Amino acid sequence: MKREIFMIESNRKIAKNVYEMTLFGDASEISKPGQFVNIKLDGLYLRRPISVCDTDGKSLTLVYKVVGEGTEKMSELSHGNSLDILLPLGNGYDISKGENSVIIGGGVGVPPMYMLCKKLLEIGRNPVVILGFNTKDEVFYADKFEKLGVKTIVTTADGSFGKKGFVTDALKEIKTYSYFFACGPEPMLKAVCNESKTSGQLSFEERMGCGFGACMGCSCKTKYGAKRICKDGPVLEKEEIIW
Amino acid sequence: MVDTRVSLSGLTLDNPIIPASGTFGYGYEFANLYDINILGSFSFKGTTREERFGNPTPRIAECTGGMINSVGLQNPGIDKVISEEMPKIKKCFKKKVIANISGFSLDEYKYLAERMNGEKQVGIIEVNISCPNVHNGGMSFGTDEKSAYEVTKAVKSVTDKPVYMKLSPNVTDIKKIAKACEDAGADGISLINTLMGMRIDVKTRKCVVANKMGGFSGSAIFPVAVRMVYEVFDTVKIPIIGMGGISSAKDVAEMMLAGASAVQIGAANLVNPYACRDIINDLPKIMKKYNIEKLSDIIGGAHNG
Amino acid sequence: MVDTRVSLSGLTLDNPIIPASGTFGYGYEFANLYDINILGSFSFKGTTREERFGNPTPRIAECTGGMINSVGLQNPGIDKVISEEMPKIKKCFKKKVIANISGFSLDEYKYLAERMNGEKQVGIIEVNISCPNVHNGGMSFGTDEKSAYEVTKAVKSVTDKPVYMKLSPNVTDIKKIAKACEDAGADGISLINTLMGMRIDVKTRKCVVANKMGGFSGSAIFPVAVRMVYEVFDTVKIPIIGMGGISSAKDVAEMMLAGASAVQIGAANLVNPYACRDIINDLPKIMKKYNIEKLSDIIGGAHNG
Amino acid sequence: MKREIFMIESNRKIAKNVYEMTLFGDASEISKPGQFVNIKLDGLYLRRPISVCDTDGKSLTLVYKVVGEGTEKMSELSHGNSLDILLPLGNGYDISKGENSVIIGGGVGVPPMYMLCKKLLEIGRNPVVILGFNTKDEVFYADKFEKLGVKTIVTTADGSFGKKGFVTDALKEIKTYSYFFACGPEPMLKAVCNESKTSGQLSFEERMGCGFGACMGCSCKTKYGAKRICKDGPVLEKEEIIW
């Protein structure tokens, strides 16, 4: 982990309340998809954790939804502004596992799945991608996944885009997968675990003090004892989760 | 060369900077970031007799200039702290550490102090009678003179290491509690622990932390901490470790002027993991700026005149 | 149309926004800036029997997210407040006001309440038993259940206006003090007054305010205020006026969810003289955002479940 | 009084630790020299009071010394940044008084004297100006006063610029004045009052909560009762001052 000043290259709206920010700075320590960064914003005390959506080691792409004061402030930044960022944080997904995998992203759980998908492709895997949103206005990155050449299924709860229903409805119809990677709101993660008979890895969110394992703010109970979402997670294996 | 050394009950620290209990783990997360041997010492996470998961999550809330935590003393329990954590500390930190202990009964405090007494690397035992995050324990000992006296006596009876009582700011008269600890033989006072605070999420109409209330710390509480250290310095003769909202070398000087012999840095470590290193680097600069040759000279300096 | 009305002991306010005592003078400085009749009410500067200059200057210090004041109840005394200030208030404010009084003895509190009882424009008498800035008075009444009970009884015996006791946060158990006031017949509780705080100037090595300590208020104290209002709401049945660090309409909603029937805005008026007007303008917006139709519906809303 | 957003036009160092900032915005309510403005700075709670050094109603010139966090922040601002300012504040100097006046400014007490001097010239007066500093590096605005065509005497405590000594040493040598206007550190103001036999007006500083008369933070005792430096001052008449 290190603390690094990143320069904002661009910051644009890509869906309802959702922004994509690209930044320059040393991101070379990021080693796994599913890792996250922790961002200091003027006037706020705690940093804000955001998943790495993409990186080439020298730049960083983050996709975030405006839900409160911090993300609101982020949305107001623009080219030339700089951000104080701690990175990389968290364990990230272990891509050595699961040959025939499904990637499942819900809402702002989608961003880390983009880097995950790229990494899986790099090692010769060919995952199927399911992206779930509430409604058409909130859909983002469907095209970007398609451009990667993977099968991409989009679901919306109200049917206004892609397939009507939840990610689990799409998952049901995939017969041949043997592993899954998921990120999204907790109810979605739970539904995925209930639906799927295979093993898988899921990324969790928790309110964080530090984001790097020092404060015990983000602990959760697992079958193998207490784990810190920020350090021992955010990615947990299906088998260890206590719902 | 400026002299940043201070001493606490016979223990000389290279500088007064001590990461505060609960914000520095057992040190090794930070040892990956910088050589933590530059620190004066550090106070490790509060230890209880049994392993504790602590309170349900969410345990953290954002505040103006600070944060609320309701971790609730998550720790692996004294056995594992001694068998697993202490050896790991030894590997990355060569100086004496401060063992922070928390109990739910006089007996538990006594037991913990006795166990810590056997640990060579422990330079000071810091007795937390002020944790706002556990029911029927912790804080209630620190909000009443008589209990504060009793815990101090009990702990002192089983250890020959210096005993520092860590006090709660959530009291009407901090002077009385500090005096009771001194009277019972405490070697020093650590203060302040967190203020009791609460945030409510207007969207969900629920308390942000699952435990409803939690401990409020960070820059926002600094003026309360300075005031209490000042009051206690006027009241007791034993040294004070001052803390609460310190985030810069200037804050350190201000806290020492109020009466602190050394200081602890808590929440600041969480938002800037290099906070202690940065402060230690800045100390000589601010000493030069404010004409301080020997840092220990300014302890209690604001009480003159 | 959203409904922002709230009521306090039979008095209906158009909205819950009340400038806090000591931060709004007698209203007319602000009446030059906006029509202060948009306010729910306002609480004027603490009145004592005799004229007071207050404490020596400097009386103000900057803090992270807040400020310290040690004004010490500067006011022209009850005679002039009634003969000179009340008529001026009448000219710029058409609604009921809150008369904030402060005494150094039971007798003085009684005398002041009796005099205020004769003032038609006074809707509520707010009894400050929590001023940290005067010696031998004020706060000591508010840090002890028995005295709090006695002052309440004394004041209630001489007035038929609603009596709100204004409590100090510098206590171990705010619930006990609030309960004592309720038991003695208080019609409501105002809280919190300022936290005791201190700043030291590292350059001069002296306390920044001449009186050494002072009252710490502003955004920084908000989590403490929310926590105390929440605790007191659980303890008493009488209405609570919540205050401490409120600076936005969202803060107002949060304080009401904790249990406040109305709120006061203090330090925020000093840094943004339009603070109360801005908050009143924003109220309908945040009500819409958080699906609140009737503002009074959310009072104590965070206590459900 | 109003609250107004000003745009910074320039901000430059003019002496050791002393900066001159020019801003655009509605300054039309400023009616008297010696009035001041109160500036909100990011990250600080209280506003910072600074005297009006010059104005034409649409712009504002401020001159300030870096002494702490707030003035430090001010010094870091530049063209294009904006500031939230309350103005005008305070009573200001009453220029109808005193025909043959001396203007005495010490250190950062000099800035308001510039506008005062201009106003006195506008109504046909011809004041003598004494500016006192500690040392050469700290001297500013001597040339600007001279350009106004007034007699300008500069003193420095160490004699490194102008006349060696204090403003009172210079004042002693002026025989013919019948009134004075002064602004500077309190010891200087006191020395001036002791030295001068004439009447005069002096501007005071005090730590302020609001700056507009609401909080009683800045009160001082005068012979005519308590006055608020921010509202009833900062300018007081020599006769009412209790030292």
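Here the chain labels run A, B, C and D in written order, and each chain numbers its own residues starting at 1.
Definition applied: contacts are C-beta pairs under 8 Å (C-beta built on N, C-alpha and C of every residue); 3 or more make two chains touch, one makes a residue touch a chain.
These figures come from a predicted structure and were not determined experimentally.
Taking the definition of touch as given, a chain qualifies here only if it contacts chain A and chain D alike; none does. Taking each chain's centre as the average of its CA atoms, chain C and chain D sit 36 Å apart. Centroid to centroid, with C-alpha atoms defining each point, chain B and chain C lie 34 Å apart.
In terms of their C-alpha centroids, the spacing between chain B and chain D amounts to 46 Å. Chain contacts: chain C has residues 61, 63-66, 219 touching two or more partner chains.
Annotation for chain A: no residues touch two or more other chains. The touch graph of the protein chains shown is a ring with every node of degree two.
Pairs of chains in mutual contact: A-B, A-D, B-C, C-D. Within the complex formed with chain D, the residues of chain C that make contact are 22-25, 29-30, 32-33, 45, 53-54, 57-67, 69, 71, 74, 208, 218-219, 267, 269-274. Those residues of chain D that touch chain A in the complex are listed here as 42-43. Taken in their complex, chain D has these residues touching chain C: 1-3, 40, 44-47, 69, 86, 206-210, 212-221, 226, 231. By the touch rule above, chain B contacts chain C in their complex via residues 61, 63-66, 68, 143, 170-173, 195-200, 202-203, 205-207, 212-213, 216, 219-224, 226-227, 230, 245, 250, 253-254, 257-258, 286, 290, 298, 301-302, 304-305.
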